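I have placed the structure first, in the form of structure tokens, so that the comments after it can refer back to it.
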Amino acid sequence: MNAVWPIATVVVKELYRRKDFYVLFVLTALITLLMGSVTFFHDDRIARYLKELCLLLIWVSTLVIAITATARQLPAEREQRTILPLLAKPVSRGEVVVGKFLGCWLACGVALVVFYLFFGVVSATREHAWPLTNYFQALWLQWCMLAIVVAMSLAGSLVFAAPSSNATIVFLVASAILLVGRHLNTVALTLPEPAQTLVYALYFALPHLELFDLRDLLVHDWAPIAWWAWAAATLYALAYTWVFLLVAWLSFRRRPLV
Amino acid sequence: MPSPYLVLVFLLTVCVSLATWLQPHYLAWGGSRTGDGGLLATLLGESRRLFAAQFFFKADAYFHSGFYPTIFDNQIVEKELHMSEESEAARTPRPPEAEARTTQWSPGEDYGFLGSPKDWLDRFSRNFFPSRHTHLEQKSEAREILPWLRLSTWLDPHRVESYTVAAFWLRTRLGRPELAAQLLHEGWRANPDSYEILLALGRIDEENRHDPVRAHNLYALALRKWHRQQDGNAEPDLYTYRELLGHLVLVDEKQGDWAEAVQYLTLLKKISPNPAAIQRQIDEARAKLTPAPGPAPGPP
Amino acid sequence: MDPILNIDNLRVEYRNRELGQGVTVALADLSLRVNAGEVFGFLGPNGAGKTTTIQVLLGFVQPTRGSAQLFGVDVREPTARQRLGYLPELTYYYKFLSAEELLRFYARLFRLARGEAERRIDAILKLVELESARRRPIKTYSKGMQQRVGLAQALINNPDLLILDEPTSGLDPLGRMKVREIIDRLRGEGKTVFFSSHELGEVETACDRVAILHQGQLKVVGPVAALVREHQASLEQVFLRMIGYPPTPTPA
């Protein structure tokens, strides 16, 4: 797997030479600062609404960055035929898949660090506190969630013809999981058989991205989560990431490139 | 073919002329903006009421530090909120119905609306979001619910609850009764028939400004409005009615107007679930109403 | 002597997209050997299967049947390409990178040590005359410069076998000259060159042996001089005869 790291570094370079990240960061910062400039009842110590808004923007922005950046990786390589000189080197297709994944994931990680620094500064100006453990746990788990999303986009880019359709589908699926994933068991219990079994099976099969969402805990200053739960969630993300990467590799390994 | 710059200048001139011509018409036109005002309200149209309701519930979610049911969770929780009820309990005699409302989400229960975990994934997932019923404990935390209530009032000025709940928190936890009064006056202008806002204003006069006379006038006005709106209703708002009568009795007692206090207590007895207790209060008031036999007052 | 490039009964079929159209045979049982130190020309008209053969050699296309080896290693193994250089017909490179960054990236894929990689990058950029533009993004290069980047990347690992797919078809005169120079130099160094081309004159002067492919089938293979002598015609005439041009008039 020696080729993985060089491929990943080229992906990171590409993503940071494009403008997407900067646009989304500036947009997030602008909206947050604009909302922060509104004072409610002449009280400038109100922080939670601003934290919630900032985190929501961070979540949306990083999801957009992760999905759009990943969805175009392999299709662009094939469309622009840069995959040909790449695979003419001693590089396996598995290394290309993992390298692309790693590059996109690392780029998302760098973006997350920048976003969370901004969040920390905004939060500290109001609350005068740096709950670093909470920030670390939230950032890490969000990054783990993005690993699943990036792997899902990569697999999707080999299934769906156009990067735009892949990006839209992955974005919708990720949003749907985040919104209703946790409640599918409740929904299943209200259904008759065989729908109940099907929905329950779906509930257990799909990657529960909402597990990685610590926004409410962060906004409302709850204590950090238990470290065993943090570690278990990390393993859960790792497992699903590999599942999607395996799907991507199986789909890519024998596919004609031209 | 004219120069593109000339065309640009011409178009800009037309735009500016149109804008200056339309401005007076825009100002003269009331339309659906009357009374509601605000760019946000104009932009969002009628959907702003949905947003206002959503922000109001958001405030309650903040009151519970993020522990809040979604549409999928057990709907045993009434959508009527208890943001303003907890602290009130210490001050006002509460009807049993109101007590019931706060006990449905018992802080003693571990799981609240979530119920016990249905499976291992459900149990595991509860580590990652607020899954315990709590209320804002610290005084300073109370301010956190205010932005959502303020947004709610901006988006739907006819949503009376947003004013009364926000005013309650400003007055009680944050110690800013003047701001609360200012907000309530704003709400009153948008809802001149609201007896709830008058009740809240009366309480500021009674409890913060210590002006029982003005409080009495506001409560009395609120009571008249209540009768005007609720008499004949199949399900009148007895909760507010009880509160109004209770506060009228309190200010009458403060002012020593025992006769009127007896009148209000008599009304209260009719709807109280515990009429015996009210009867005892009536008897006590009547005793104060009848002057005790003593030495006749001498000439000044 | 073991051949560097060994193709054995290679068959490649493409399933047609239209229903009921069956399959198209791109290569029909092709067998070919290229020895170390040879400059081998791979000739054929458009659609003969030249590019498909190269794609199989590079692992881009899976053969339906048969096998191909580079340096004795199955072409499906990435290690088969460790000593290989490849110049595609057109330029396909990451345009957001500079020439230097691109070459460094490819050097890392070949696992060249950092010092060695830097030395090779300097030397190759000098060879293809891109030294002054080495830090500019490739997207700012002219077409000729981009083609020379292609040459540079094909040589970054000092390959023992260089596969050139129509190497001069899209090049400017400077690029063509460089390709000729590089082929001569590699021949001098005892390296192997395998290239497909339409430029018969170029092939005649540069190649030791040629193969002519037509409709997926190998028509002839041998040293250029021997073919010319055997058919008593120029290479161009041999080529035209092998592909059946001009068509034989059918008896009335």
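By letter and in written order, the chains are A, B and C; residue numbering begins at 1 in each of them.
Basically, a residue touches a chain if its C-beta (ideal position, glycine included) is under 8 Å from a C-beta of that chain, and two chains touch if they have at least 3 such contacts.
Keep in mind that this is a model prediction, so the values were computed, not measured.
S.K.: What's the fewest number of moves from chain B to chain C, given that each move must go to a chain touching the current one?
M.R.: Counted as steps through touching chains, the separation is 2.
S.K.: Just to be sure I understand: the centre of a chain is the mean of its C-alpha atoms, right? Then which chain's centre is nearest the mean of all of them?
M.R.: A
S.K.: Just give me the whole-number Å value for how far the CA centre of chain B lies from that of chain C.
M.R.: Each chain reduced to its C-alpha mean, chain B and chain C end up 80 Å apart.
S.K.: Give, as an integer number of Å, the spacing between the C-alpha centres of chain C and chain A.
M.R.: 41
S.K.: Which residues of chain B touch chain A in their complex?
M.R.: These residues of chain B touch chain A: 62, 65-66, 70, 72-73, 118-119, 121-122, 124-125, 127-130, 140, 143-144, 146-148, 150, 170, 174, 176, 179, 183.
S.K.: Which residues of chain A touch chain C in their complex?
M.R.: Within the complex, chain A contacts chain C at residues 2-3, 5-7, 9-10, 13-14, 17-18, 80-92, 95, 254, 256-258.
S.K.: Note which residues of chain A are touching chain B in the complex, please.
M.R.: For this pair, the touching residues of chain A are 38, 40-43, 45-49, 141, 180, 182-183, 185-187, 189, 203-204, 208, 210-214, 216-217, 219-222, 225-226, 229, 232-233.
S.K.: What part of chain C is in contact with chain A in the complex they form?
M.R.: Residues in contact with chain A: 55, 58-62, 78-82, 84, 86, 88, 90, 92-94, 96-97, 101, 105-106, 108-111, 150, 153, 163.
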